[in-house]
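In what comes next, subunit A is part of two complexes: it sits with subunit B in the first one and with subunit C in the second one.
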Partner chain A sequence: MCDQTFMAITFGPCDNCSTTSPLMNIYIKNEPTNYCSFCVEMMACQGLLKGETLASLKNESESLKKKLEEERAKLHDVELHQVAEKIEVVSALSIKTRRVLKGHGNKVLCMDWCKDKRRLVSSSQDGKVIVWDGFTLNKEHAVPMPCTWVMACAYAPSGCAIACGGLDNKCSVYPLSLDKNENLAAKKKSVAMHTNYLSGCTFTNSDMQILTSSGDGTCALWDVESGQLLQSFHGHTADVLSLDLAPSETGNTFVSGGCDKKANVWDMRSGQNVQSFETHESDINCCRLYDLRADREVAVYQKDSIIFGVSSLDFSLSGRLLFGGYNDYTINIWDVLKGNRVSMLFGHENRVSTVKVSPDGTSVCSASWDNTLRVSRALGMPWLLVLYSLT
Partner chain B sequence: MSGSSNIIAMKKVVQQLRLEASINRVKVSQAAADLQQFCLQNAHQDPLLTGMSSSTNPFRPQKVCSFL
Partner chain C sequence: MTINTLAKGVWHREQMSCFRKMEKVIVAMQDPDMGMKMRNQRLLITVIPHAMTGRDIIEWLIQKYIMSEEEAVHLGGLLVRYGYIYPLKEPRSLLLRLDESAYRFQTPYFWISTRWPASELDYAIYLAKKNIRKQGELMEYEKVSDESYELCSSDSAEIFRASKQRRKSDRIVLECQEQAYWLINRPPVGSLYSLYTLLCRLLYHLIFKRALGRNRVKSSICLESFVKHSEQYQNHDPIMQGCLPSNPWISDDTSHWTMNTDKVATPTRLRVERWSFSFMELLKDSMGKKEFMTYLEKEFSAENLCFWQACEDLRHGESSRIIEKVEEVYKQFLAPGAARWVNIDSKTMDKTLEGIRHPHRFVMDDAQMHIYFLMKKDSYPRYLKSDLYKNMLAKAIVPQETKKSVFPFMRRQRHSSPSPAQAVTQATEEDGQAKKAEQAGTNSAATS
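Take a look at the complex of A and B:
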């Protein structure tokens, strides 16, 4: 066995054989350990079963990939939009912008709704995180962060705290107090620590746990109170840019999307990657729908006239509408079942960075690089409003 | 070093693929029918889809009151 040259950051006694030599920092079952290069080689060979070599493993992985594709193809008996041909077309939507939230000094990168359906939290490149009352346009809290590019923010389910993070590689939780004069920044609690920027964060069903995704390629589940890492999720081979929890209250899965063009579904308790979808090609200027039980892509939402990428998307409450925020400053609304575009929302003067539907499904909020947020809502009878304004 | 890390990486890939190959899958027609049923069942409760009446819309434009 030829020992190849490697760059050693540590020199000392090996954790396995105790000989003093240059050490490799490796992770065994998520625990960092330092082994000398000889022990690493021995361990790798012990992991192999009888007769397994690198070549045989490669062959097995190729044949397994082929088998996966065959299995998935067998079930592809019909397209989603074919099944949906018989249902009624979505009637003309009258979704219009009802509120414009101005106040951020720079690009708004992320936003989240509070469960009370009226408050929102938004974070910006200027390092500020603002909690708004969506009805009155009041800014209830403004928290300065020590870093710029606050790329992720989330509202706690109780409405009593917010979490945010970005280039500081951390996710911090701020309890919101009713006292307007209180300095929120003083009560900051650092919960998550990553080795690269924080791209997304969300509370799980309670205020006690936070799920984060990071540019270091991992996602992690943290306990808010102690700041302890409960579970980490390894599998992406590039930056993880977004994540979302499964909607059910008893659900234990979440999905993450990364720069490796994969969408991975994870089991939160075991840390296992249970499903993976990889049909996106290059930068994303279309939306794809993957069915978890059929384990394949079932619909693509794209148009030749749309040449800019999608940065964010969200479903309406029934799942019939898909709102996508695009880099051409618009929001396209797609019919999920039939696959066609139903409507568009205009108004932003720069890229749309985040789109989120409110918890009660009545409004959709979009955050943009034009420093504003827009809350849009549907009207049942638009002509009645015109009458009111004339009298 | 590269030899052993390749082997470890390949083992992980093979284990992951074995796991993924063994899950139970449903036909697309079945999955599509379920998706459709969910959407239609919840459609009337979806305010963005059906619209809401102006009186219950807290985001409606504010009307100006004047004293006569």
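Take a look at the complex of A and C:
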């Protein structure tokens, strides 16, 4: 069943000892190699200096971690809700579902808005990717993918192409043609190749480059035209589940979140991990706000009555509101500055997989495992990043 | 094989924390002082002790967690769906009803967290027991295969005989509990999540050492600027403040979008105000960029913006055209005596010229950054004080808020808009035709 296999371990001759066995794909000094598990252990031990053992290295890691926490705490002179005391409370929002987009045959896994503020693309477990005009509910294009579980999709900034991928380990780009007779699937261009499922993809500032994240623990930047790998980003020790670009003046960084409970900030040019935030295992099922300049967590959004974890988040245009799609089929709206929950949205009949605010902030779209998308409306920040915890 | 057991374990652990949270709520509900008031319920002719109504549950949740009724219904529904509370009258309908229908707490023996995972053999035994009791009235989905039935028929018969010894009300309670448990835990259990953990201790070291050396800013400064940003943009946030003339998704009127397109004659006031928030905002808006270019032309420093634009094009463009683009940029902006020479300091210029010998995507980054900050610190503030900007701000329109129509139930027709993909198709068609014309022209020139 496609639900079950997410990890394919390669099998073949080890790069070190040449015995045929299940191989682990690891990176030594940024070079990819395939070692059998025995050789990995040996290498880890050999990499140690005289007098060190794995245990002593672990202790040193722990003490470094503590020291880092102390350094971060030194400059923490005020809490966010204290600074936010002087601002007015958010007035009651009356958000209602304005459009329900029906048409997918199975769980909707991902969606993305077009820059024209009304079109969007969504991908589903049934292997279809549909481009909708959200305003009129028209389905403008439907692309069948060769695999099921299309977990990531993105709209190009020009509005002329879409990218999608999932269990096929690839990210493909489809130019959108208006000719009704044209078979979109025939024009497909395979851009990214990973060794495990594709969990997220997004175009960078233009149609020519795509950034992808994958279950193989890496993110990568690709040139669309040639399919060439421009840069790869290693550092996560488990599946990378999401990524987002930073809206900065130099336009060079992005953040990725993974199953190893870390959020890493990367420099797109050099491939280096420039900042990293970690959460503790005991505190899952809440949203956290991290300030990049202060280099620390500044707020947590949680409630006793919220039992299930959040799968997707987005800020409203001013950054005051945070929309979170939860696994208990609801969307909670938080006041980012004051830390309290402003409102709740009901309506989906299964877990919410993606939540995205439209580019001009007029509405928010939520995609769900109940096969629909809902566009709701009520009567973005280069220094902040939000990490959500996973179930 | 190891991966799968690891995976199950991890998923198990993560689901467990959800269950533990629900159990906390349940335990609070059963607290003798602050918990729910129970009463005896009549089920046909038997009296079942310790039951409560759906209405009681909702009221208790509202009171304890200070939440709205809608949320209490939602939370209560979750508790029923996961088997911590079960309905007495219609056990198959796992909903929380707000009327007088009765509910009971599931015994911890049958909690989903303690009985994990529900094995198929247990289920078969339960079904066989039920079969004996009800003389063959099993639901369609409950009919197990013949072999498993054989296996467990003796077990179930044994259990059935033993249970006949108990008091009737106890028996009914146990049956209800068991039924509720299996309604939820019927195998097969849901999808598997797999996690692959690879520990790289040496990598952690590097990251920590780098993190320790980082320059940090005081929280008060960071948070104050965040608050300021949020306040500044509040009027521009349609979800918080609404938008003029109306939000297209509510009124079905697309004027808001048509008023804010790239090529509109007169921009809206909010849009022009936004250009003053930051240099990046001005450049992000194509109309703002055009205005700024007009201003720079007056100041004879337009080449800065053109250079910046060309560098952006280089950075985000196709890999195949990098070399040709770098050459263009050099010829136009950096070469001595170039038509649109940009003024960069000598150190950056030397470094860039050196880099051009081996052109790559980021070779112009330093020079681009230099020019960007030059514009930001010098030209941009002057633009905001200039007559050009002030006039634009003065003539910018503030749309009238659309009054809600007299007949709100009449929906406007929703018009479609041309797809962005269409613009490109037309352009390429026109290009193609132009090329054809050119070729024809040269051919005829060659022959004549």
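Throughout what follows, the second predicted complex is superposed on the first by the 307 of 391 C-alpha atoms of A that agree within 3 Å, B and C clash if a C-alpha of one lies under 4 Å from a C-alpha of the other, contacts with A are read in each partner's own complex, and residues count from 1 in each chain.
Following the convention adopted for this analysis, a contact is a pair of C-beta atoms (placed from the backbone, for glycine too) under 8 Å apart; a residue touches a chain by one contact, two chains touch by 3 or more.
Since the structure is predicted, the reported quantities are computational estimates derived from the model, not experimental observations.
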Who does A:D116 touch here: subunit B (first), subunit C (second), both, or neither? second
Based on the superposed arrangement, let me know which partner A:D260 touches: subunit B (first), subunit C (second), both, or neither? second
Tell me the contact category for A:S226 with respect to subunit B and subunit C: first, second, both or neither. second
Thinking of the overlay built on chain A, is A:S94 touched by subunit B (first), by subunit C (second), by both, or by neither? first
Is A:A185 contacted by the first partner subunit B, the second partner subunit C, both or neither? neither
Quick one: classify A:G217 as touching subunit B (first), subunit C (second), both or neither. second
Can you list the residues of subunit A that touch subunit B in one structure and subunit C in the other? 3-6, 24, 44, 47, 54, 57-58, 60-61, 64-65, 67-68, 71-72, 75-80, 83-84, 87, 90, 93, 95, 98-99, 118, 135, 235, 273, 275-276, 291, 293-296, 298, 316-321, 336-337, 357, 360-364, 375, 377-379, 381, 384
For the complex, which residues does subunit B have touching subunit A? 1-8, 10-11, 13-14, 16-21, 23, 25-36, 38-43, 45-54, 57-61, 63
List of subunit A residues in touch with subunit C within their complex: 3-7, 9, 24, 26, 44, 47, 54, 57-58, 60-61, 64-65, 67-68, 71-72, 75-80, 83-84, 87, 90, 93, 95, 98-99, 114-119, 133, 135-138, 140, 158-160, 175-178, 204-206, 208-209, 215, 217, 223-226, 228, 230, 235, 237-239, 247, 249-251, 259-260, 269, 273, 275-276, 284-285, 291, 293-296, 298, 304-305, 307-309, 316-321, 328, 330, 336-337, 344, 346, 357, 360-364, 375, 377-379, 381, 383-384, 390-391
Contacting residues of subunit C [partner subunit A, same complex]: 3, 14-15, 17-18, 21-22, 25, 65, 67-68, 70-71, 74-75, 78, 191-205, 207-209, 211-212, 214, 216-227, 229-234, 236-240, 242-243, 247-250, 254, 256-257, 260, 279-280, 312, 315-320, 361-362, 365, 369, 372, 414-417, 419-422, 424-425
If you look only at subunit A, which of its residues touch subunit B in the complex? 1, 3-6, 24, 37, 40-41, 43-45, 47-48, 54, 57-58, 60-61, 64-65, 67-68, 71-72, 75-80, 83-84, 87, 90, 93-95, 98-99, 118, 134-135, 235, 272-276, 291, 293-296, 298, 316-321, 336-337, 357, 360-364, 375, 377-381, 384-385, 388-389
